[in-house]
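What follows is a set of structures for review.
In the two assemblies presented below, chain A is common to both, partnered first by chain B and then by chain C.
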Partner chain A sequence: MASTLTFFSKRRLINFGLLLSAVAAFWVLQEIYANGIHATAILSGATLFGTCLVLALFNARKKLPFIPLLKASTWTQFHIYAGWFAVVVFFFHTGLRLPDGRFEIALYIVFLAVALSGVLGLIISRIYPSRLRLYGENLIYERIPGLRQQLQTDVEKIIWKSVNETKSFTLARMYESKLKDYFSTKKNTLLHLVGSEEAVNDLTEELNQLQRYMVASERVFLAEIIECVKAKDNLDMQATCQGVLKYWLFIHIPLTFSLLLMGLLHGLMALAFN
Partner chain B sequence: MSEALATISRPQRWDVPFESEMGAEAVARILSIPPFSQIDASRFPASTSLPDILLNDTGLRSFKKNQVIVREGDYGNSAFFIITGSVRAALGKDAIPAEVLGRRQPEKKDFLSTLRQLWGNARYPEVRSLRRYKDAKAGTEHEKVDTTAIFLHDIPSVLKGGTAVLTAGMFFGEIAALSRTPRTATIFAEEDCELLEIRWQGLRELRLRAPEIKQFIDTNYRKYSLENHLRETKYFKDLSPAELKEVANQTRFETYGSFDWHSNYKKNRDVAPEERIKEEPLIAEEGQYANGLVLIRAGFARMSQKYNQGERTASYLSRGQMFGFDEIAHNWNSKDSAPLQYTLRALGYVDVLVVPTSVVEQYILPKIPQSEFPPPIVAQIKQINDRRDGELSTDVVEFLVDNRFINGRATMVMDLDRCTRCDDCIRACASAHDNNPRFVRHGHQIGRYMIANACMHCLDPVCMIGCPTGAIHRNALGGQVVINDTTCIGCSTCANSCPYNNIQMVEIRNEFGEHILDQESRPVTKAAKCDLCVEQVTGPACINACPHDALTRVDMQDTQTFAKWLQR
Partner chain C sequence: MGLWLWRLIDTSAQTDMKRLQRFDFKFSRYQRPNQDWECGSADACAHCPLGPDSKGQCRATTECKPRKEGDRWNCTRSDSQGGKCAEGPLPDGTCCKAIPPCTPRRSVRSQRKLAVVLVVALTLGAILIALGLPSRNQTFNPGPVIAQHAADGISCDRCHTTAQLTSSAWLASAFTTSSTHASSERCMACHNLGAQPMQPHGLKAEELSLITQKITGSGSVNTAVGAIADHQGNVSCATCHKEHHGRDFDLKKVADSSCQVCHSVQFEGFPNGHPDFKSYPYDRRTRIMFDHNAHISNYFPAAKDQKTVPQGCNSCHVTDSANRLMLARNFEQSCAQCHSDTIVRPGAAGIAILSVPGLDPAFLKARAATLGQWPADADGPLTPFMRYFLMSDAKAQAALETLKGVDLMSLPRSRPELDAAAETLAWATKELIADLVISGHDTIKKRLGVSATGLAGSISPEIIQAFTRAEWIPDLLVEVAAHRAGQALPSKATPKPVATVVVAAPAPVKPAAKATDDILGGDDILADAPAVPVKPVAKTVAKAAALDDDIIDDAPSTPVVSKPVAPAAPKPILGEKWTSGGGWYASNSDYSVRYRITGHADPFVKAWLEYAAAQATTPDALNQFKTLAETNSCTKCHSIDQKPGAGLVVNWHSATTNTQTHKFTKFDHGTHFSLLSEKGCQSCHQIDPAAQYKAAFKDNLNPAVFTSNFQKVNLMNCASCHNPQGAGNSCTLCHNYHIGTFTPTVKSAFNNDKPVSASVPKP
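Moving on, here comes the complex of A and B:
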């Protein structure tokens, strides 16, 4: 049975086992302290703060690729499971209830925001890569605006050619009324976030409906335009998903630093007033 | 005043000679020794005259008795000519234990240099120090060579196999230098001797313009390389020296395809695969009688099988592998006769040795224990994408062969279903290389995998063929293909030769971010490519930086490890 497990499945099992062991060890420590000096809040608080500090070091590790500090993928695994551990300790620490003071409520919310953004990051980093690959051509994020502009120029050339050769304005009117806007900026961001192709399907359907009003020679150009619409949709999809994959850290990391700062203040106050 | 205003002269081929102490007197002396004395100097153009080649591409070396000259397994960029004395070659694989050879560890940055990168990296991309180039021209900076003298002691006890003595007037090391492969034997001084070391660019010119040298080298190649290759081949190891000689005498050398295959490959890249396969030179055809055992000496060959109206690629063969053995063994061992089960075609350029079937039956097969014989051949055609654990699927093999990725020793493969396009690999690469990444996260795709545009450190690095200065060379210890920035003249030959477009020409800058210009105010360019972070303690920064295990470097000769990675 074990031999049929893939590398990733084995790693997941081992890491999950380690997480359970860490939680169990923490729970035992809590019990010991609870029966002893009654400083469980200090133990869970210190563990939580220490764990968050270590989790935040991952960002520093990324800035030092040439220093032998284990592979980034090892850090990622540690980050994921230590993150889950921090969530468990957090609920031990807060006792599954909202705190009283305003500062503590803010800290509570910031922690949840960090944890949720982390979980969201984990989910999108597992879902979006394959979606990006399956949807269309793999593109480099920074090149997408240039490609979009190029595509719009190509579409305009097709429209001009169509007008010149067929003397019909069906496509030109469609371009002016709908396609110009579609090709000029990123569209359908929310739909792309959830993986819906509804918008592009609607647009291609609308374009196909135009066939009945076209001469045969114009339909050739329509087919080219439809290909461009699909290419533009892929550009938007790549830009949206790659953008989210790149920029979710701009939420997660600043929140983490806020959390550390607030956590430090909270700890100092707790020690000072208890 | 910024440094850029002081321009540098455009780098030239012989700005940095191979040996700065080589003088006119030494050149005159070499020209008095055969076969150099027999060369017609008028065949050489004025720009690369014979004396100039000897002055700039050669160096005199003295070795003491028992001193190691070249080590088996090291990559050599030069050949040697024995002027006085004699040397001894230890024959056979691992003829001298590695621990006796004093092989250095690859040179890495020390801890402080590693740390210094945190604050010492320039703010602009591709920053170079002008002093570095000026010092090189003044002869104060040279390519690092292993100058540590290693001596063998108690030779009879460390030698495992036989030896051969090479005397004054002979060449050695030319095979490794010209074919861009590792040294096949360790050679040490039999007595105090003086050698002429020839950088392979110089050797190439000599071979091209002096038929005497070409003949001399080619004769040596056939005489020594053949026996050595056979000795290293499975099933041939147990032959006695006399038998090996007899087998060698009856073995044919055959060459298929063109040596500079990359230009043809680039031209035909867009041709449909089923058409391209027909253009590949045929070495042996499926269904024919196996009249010889084919041993791959250099290059690559495609093993394919008829499949419906086309040909399915079953595997690819490279140096050291053989073709036709199963059929020959089957026919010798069974009552029925089996023809060749596969077709063998040259991929670009391939050198093969053909051992006639009668010779295999006479000398090889009787020595193989029955238990080691291959299983009898049963005609069967595997279905496309039949795949066992540890095997590459047919579509992957076809993809690798069609795009010639089989050449890679450290091919960058990305799993696009795990890659979050975070570009941590790009940033890590840039921070380890003059603020400019040495690869592009883009390339050919098969399913969820992509071969990125990163130097593959090829088994046959054709980029090295045309380099006039030897700036692009193999690291002697690890075999990584690296560029000596000081001797690179920015001619773009390597970038144009690379079949995979993995070498970029970059415009270099001074510390203020201004382009460095030559006398005619043109930007000075240098070739830049992945060096596999040869100096970094962590190894390739790209692999280390990938947070999602999406990236690896693959040796395409080790298909099992690759298949395991794909099936993880």
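Moving on, here comes the complex of A and C:
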């Protein structure tokens, strides 16, 4: 059976086993520490804070790529499973109770935001890269605005060429009424988030419907424009997915620092008022 | 939706389409996403090759820097920029294609960095503002406290020593270790839990050790206590009581595992493994000796009047105000119907409280000159009450010690030291009586060292003055004054020869007034009675009068013939007959002042028993107490307990309830009544017919040594309901942690700054 597992499956299995072991070890440690009467909040809180600190080091590690400290993928795996461990310890710490105090509510929300954004990041990092790699042309994110501009220019050239050569304004009218807006900005963001091709298919279908009103020479230009429409759709999909892959960190990382600060204060308070 | 989800994860499809990017060096610009700034014209594909500097300044100038080759300026625009331009450089060698300046924008990475800085700054700012605001405590309050702790005027610093500190001191106190203990002490400002509230169970270490010894046979307290206690053995309140969990949180709820930290013999639950009840709920003998078995089996069935017989347990027992304990009803409700007559028996003599003790006639004769007056026919003993009065007299004590075991009525001639001791005792007795006659209650207080209240028993001066009657010691006060002054006895008080005294008879003048027991009679006259020798015949009269306590019968020995006979006056009854309802009287028969018990719970006898019990700290004092106790029947039912180092205590009442007393176990009778079987109380309390109940009261002062009238309660009886599926079986359902008697802490009306405890009870 083991031989049939892929590398990733094996890795997932091992890491999940390690996570369970860590949780079990923590639980045993907590029971020993509690001894039936001691408040374990100090232990679980310290563990949680320490885990968050270690998790935050992942960001530092990315800024120091020249230091030979394990592979980035190893760090990523550690970050993911340590994150799950932190979530488990968090529920040990809070006892599955909702907080009542103002500061604790804020801290609770921030932790949940960091944890949920982490989970979201994990999900999208498992889905979007594959889609980006397998659908259409892979584009560099920073080049996308320029490429969109370039694509629009190319389409307008085709339209002009069509008008000049066929003396027909069918394509030109279509461009003015629908395609100009389509090519000028990023479109169908939500549909791209969920991987839908409905919008581009509808538009392509609509363009194909125009063929009956076109002369044969004009249909050649129409085919080129449809190619551009598909390229624009891919471009939008790349922009959307890569954008999400980049911008989810705008929640995860800043809130992590906020969480560390608030967690530190919370810990000091707990010690001062214990 | 399902299709979308499929596409969301479907990675199998790939399509061919128009390619937009070119990666050859002529057309592909190198991207540097790790730089903080990027060209603002990038969207228009017109960004310059230099890009912005590290501070975000546009560095755009021209598309190339022409190079002079010979006398010509050549364009150097790179292929990636479109190659050499057709126009070429200007004559002055500058590029003809100026790049329009842009407003550089932040890269994604830089935006994220900025977001981090902003969020951190916002967080820090919010924290600092929150710490600085007056509402700081509310902001950092981790949650609502229980309703009692949330009353108006109760602020954080009522419980937390750190709460009134500055914010910086808050944080500093996180690294000190004293705040926990100090905060627990603040709990004690409102919660009185005894003298050592933070010790395990509120008990001193030695007390805990004793209890442990009793239960386990080993005095060593579980070392696990050390794991939760500080170096002084204190366990902070917050160890078990976790606050800030809401208004309705049960702060007293403690998990069983908390108990089992120290109580290391762990078991599954009450039905499975709980130690068997050794004698529960009987932890001592009953305070009132009442043999349930004898009464129910013998006395009640044999009672003449079955109406007086209790019909059930609740005829004599009733729950306390909290429905917790079953208490015995009082004497009048439970016992008086059968036992009131046995306490005050008609015709019974009162208790001799004070008396002129009898002395050896030969001794009296020999010491007549130095001893003064002494009723030769006095033959009673020194009363136990007088012995307590004489305890304050060292000489008398020494004399009593010398005379220990000697019959005062028959002093051996071979031991002259006994005569001296007897004379000392006789004078001590006379001094005592004289002091009582003169100073009354003050003497009681002075001699006994306690307030005369109760011990005086409302005795009147006239009763005491009986001692100065002509037949008793008429010159008592004069003689005692002379004796104390070290002078010879005055001539008036010159003692009559004993023989003469013996034959002393009532003076011919006003004989009735002298000899009567009338406590209102003019005894001052008796004090002045002349000590004249009387005829021997009078002895018979005097003796007869003394024996009858009534010489009125004998006084009018000469019949009046010359005058018409008046109707005979009704003859007053005297002595104990006159005081049949209880009270004081003087008895001429034995020269004693006696007290007749007024009924159950007589305050005079009770006060003396309590006084004597408190003095019984030595074997001799214990015997003295027993002698005093034998003068009445109180201790037939009221058991006596030895208090270590503090004498005895008479149990006047059966077990009483005190809502402020917390024992290790608690039980609520009221909630169980509806669960009883047809056997009623005997569902749990079954009489043990073989129990030697009374034996525990005979010559036993230790209440812990006892045999109950009842069998121990069967644990499985309780366990039939008290299990996890039923009525629950947590430790604190039946056990208290804080042990002792705790009075509520009250605020003084005169000093509102410091809450004071009503008392510091002992556990």
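What we mean here is this: the second predicted complex is superposed on the first by the 272 of 274 C-alpha atoms of A that agree within 3 Å, B and C clash if a C-alpha of one lies under 4 Å from a C-alpha of the other, contacts with A are read in each partner's own complex, and residues count from 1 in each chain.
We take it that a contact is a pair of C-beta atoms (placed from the backbone, for glycine too) under 8 Å apart; a residue touches a chain by one contact, two chains touch by 3 or more.
What you see is a predicted model; the values in this text were computed from it and never measured.
Novice: Would chain B and chain C fit next to each other on chain A once aligned, or clash?
Specialist: In the superposition, chain B and chain C stay clear of each other.
Novice: In the superposed arrangement, does A:53 touch chain B (first), chain C (second), both or neither?
Specialist: So A:53 meets neither chain B nor chain C here.
Novice: Touch test for A:72: chain B only (first), chain C only (second), both, or neither?
Specialist: Touch status of A:72: first partner only.
Novice: Classify the contacts of A:245 with the two partner chains as first (chain B alone), second (chain C alone), both, or neither.
Specialist: It touches chain B, and chain C stays clear.
Novice: Touching A:215 in the superposition: chain B (first), chain C (second), both, neither?
Specialist: Touch status of A:215: no partner.
Novice: Decide which partner touches more residues of chain A, taking chain B and chain C as the two options.
Specialist: C
Novice: Just chain B (first), just chain C (second), both, or neither: which does A:13 touch?
Specialist: The answer is neither, since A:13 touches no partner chain.
Novice: Touching A:28, do we find chain B (first), chain C (second), both, or neither?
Specialist: A:28 sits against neither chain B nor chain C.
Novice: Just checking: does A:268 make contact with chain B only, chain C only, both, or neither of them? Give me first, second, both or neither.
Specialist: In the superposition, A:268 contacts chain C only.
Novice: Examine A:5 and indicate which partner it touches, taking first as chain B and second as chain C; both and neither are also allowed.
Specialist: neither
Novice: So, A:109: does it touch chain B (first), chain C (second), both, or neither?
Specialist: neither
Novice: Mind checking the angle chain B, chain A, chain C on Cα centres after superposing, to the nearest 10 degrees?
Specialist: Rounded to the nearest ten degrees, it is 120.
Novice: On the combined arrangement from the superposition, state the nearest Cα-Cα distance between chain B and chain C in Å.
Specialist: Once the two complexes are overlaid, chain B and chain C approach no closer than 6 Å between C-alpha atoms.
Novice: Shared contact residues on chain A, chain B side and chain C side combined as an intersection?
Specialist: After superposing on chain A, chain A residues 130, 133, 140-141, 246 contact both chain B and chain C.
Novice: Given the complex with chain C, which residues does chain A contribute to the contact?
Specialist: Spelled out, the residues of chain A in touch with chain C are 34-39, 97, 99-104, 127, 130-131, 133-137, 139-143, 145-151, 194-197, 227-228, 230-231, 234-235, 246-247, 249-250, 253-255, 257-258, 261-262, 265, 267-274.
Novice: Per the contact definition, I'd like the list of chain B residues that touch chain A in the complex.
Specialist: 114-115, 117-118, 416-424, 427-428, 431-432, 440-442, 445, 448, 450, 533, 536-538, 541, 543-550, 567-568
Novice: Per the contact definition, I'd like the list of chain C residues that touch chain A in the complex.
Specialist: 4-5, 7-15, 17-21, 29, 31, 33, 38, 42-45, 47, 107-108, 111-112, 115-116, 118-120, 122-124, 127, 130, 138-144, 160, 162-163, 170-171, 173-175, 179-180, 183, 224, 227-228, 238-240, 242, 244-246, 255, 257-261
Novice: For the complex, which residues does chain A have touching chain B?
Specialist: Touching chain B: residues 6-8, 62, 64-68, 71-73, 75-76, 124-125, 128-130, 132-133, 138, 140-141, 242, 245-246 of chain A.
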